[in-house]
């Protein structure tokens, strides 16, 4: 079981690293989106500090959605997905491996460059730490729920737009509690831990829900 | 090309039943609506302690909001039945419910805005319940978008059922995160329902309106399911021998 | 070791592809499924390979329903569809290694090289499959058959895009598998060239 | 009481709400009727195709 997880994870990472550009597009998209807001909203210091968490989270959400469409589509087109469905290994392990690969390629880089948000939006040090922590817990949720959307819309025309239509309502709790962590730590009241625990709880719920739903959707899509 | 298994013959048997029931349901809904409105407008005080005449929007606002939520629950139920028993008719029910549910949710948002303007002074103020209804509308739209994006009815039924199941798990979480964004003061969730204190006349009129909307929904869903059956079974002999198709 | 289908029916959209199909395949037998295009051959194969859900009827492997067996049945199964099931960016050797590990086989690099060599891909092992020709890609996919120790092979038109030499090679591989007590279910428009006379033909009429 | 209900100066809001509700609840059955006619026309096309094919 674990061997398959590592195998698929390695395979996806080698595949992605053979096309470095795809990995960088997600990160640059994130940077561009967070740099656009000050141009639109104005560069007043307090305002930027206030909207920083929301902007960072919405940018992360859109960036991870960008890379979702390719999560299963290349396997779907060349038939490897069929082989995965027919492997005796449980399908949810393979799905988890692919989601982990997607997270390592899109989620983790966002966490690592989120200090950039801190710079641009005049956030002080421990806000940035809170932001990174929230993103660290939140981005796997985005990848997990995103995998459901990617599997459901596999091989459909207009898949990109359809995925965002299906997933945005599901991303709302991550956005509310993710942004809440940073906003709360800014107000110095002490229940940032409750926000983080809520995010963790949501992560565990997605870990339980997503593999089953994605596996079911993959089987339906490749019929 | 006869389909003789029971679960495959269900659409053929259900088609005439739905045809007979639908007009009666819609007519009954109309009658109930008239009674409800009469009771709500003529038997109730014009001005309440805190609300003026505009409170009478409550009948259509609350009824459509409830319907929006109840129909989503029905949709999920039929999707679940579809997954378990793999009967095509239950998938058709789920497909038939979605547009009516979306219509009621949309209606409840607008009637909420029409009520909010005079009493709160704004058309929209991100009140948790209104936001939840907006998100419910997004869920409906996502469901219908997925269904129309897939041509093969077999896959579109199953894929939208999986989406409905995911919705079932996520709706409480979304509802909770919208209603209680700040875990410190989470009273918003425990607000007591304001049903008990209002004037019994208003409450009865509202229940009649809810009943009228329920029956209206049944009627419209029966009509839509007939269309879906005709569309999906146009190859079969029983459809081609129908008198209206000659 | 028999694979049986009882009252098997398949509905595509609102069209019935086939109704109440009954057949059974024993170890050491080859089932050839014939019929014109669009009569549901691939759908039947996909249903047998658990890629597609059964609409009506039952499929039994050793008298147990394959839906109940699911992963245990898939353990005994190798599927080759129209798509090759190999990644174009990986090399032929990498692809083969992944297919084997995915199906629970621990196989040495040497065995992989030998299988590729036997399929006439000597010297192409470490090239990204993208640069190979269509026939060579198909041979890479078929090379996995040499390594897989599963009992049931379900092949959807395996001879497509193969040159004469490759066709003969594949016929030899299939014959060896059937003689060793394997089960092969395939569809093809060419002659299977199995001389041991244990072919069962199933015609899908539409 | 049975007195005639006075709308105060909120007639617009009440009228808009009920107007919208009425509009939707009339529109939906009407649209479904139109859809049914188009679906039946489609089925009739199939009936004609099958008839020509057989005789």
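The letters A, B, C and D name the chains in turn, as written, and every chain counts its residues from 1.
As a convention for this text, a residue touches a chain if its C-beta (ideal position, glycine included) is under 8 Å from a C-beta of that chain, and two chains touch if they have at least 3 such contacts.
Treat the numbers as computed from the prediction; the structure is a model and nothing was measured.
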- Message: Counting C-beta pairs in contact, which two chains come out on top?
- Response: B-D
- From chain B, which chain is the farthest off, judged by mean CA positions? C
- Item | Whole-Å gap between the CA centroids of chain B and chain D | 16
- Note on the structure: Distance in whole angstrom between the CA centres of chain A and chain B is 32
- Task: Express in whole angstrom the distance between the two chain centres, defined as the mean CA positions of chain A and chain C.
- Result: 37
- Item | chain C-chain D separation of Cα centroids, rounded to whole Å | 52
- Multi-chain contacts in chain D: which residues touch at least two other chains? none
- Could you list the positions in chain B whose residues touch two or more of the other chains? 154, 234-235
- Quick one: which residues in chain C touch 2 or more of the other chains? 53
- Item | Residues on chain B engaged by chain D in the complex (per definition of touch) | 26, 37, 41-47, 52-54, 56-57, 60-61, 64, 99-100, 103, 107, 110-111, 114-115, 117-118, 216, 219-220, 223-224, 226-227, 230-231, 234-235, 239-240, 242, 244-246
- Task: Could you pull out which chain D residues touch chain B in their complex?
- Result: 1-8, 10, 13-14, 16-18, 20-21, 24-25, 28-29, 32-33, 35-36, 39-40, 42-44, 46-47, 50
- Message: Quick check: in the complex, which residue numbers of chain B touch chain A?
- Response: 135, 138-139, 141-142, 145-146, 149-150, 154-155, 158-159, 162-163, 165-166, 169-170, 173-174, 176-178, 181-184
- Query: Where on chain A is chain C touching in the complex?
  - Reply: 3-4, 7-8, 11, 14-15, 18-19, 74, 77-80, 82-90, 219, 222-223
- Note on the structure: Contacts from chain C onto chain A in the complex sit at residues 46, 49-53, 71-72, 74-75, 77-79, 81-90, 98-99, 101-104
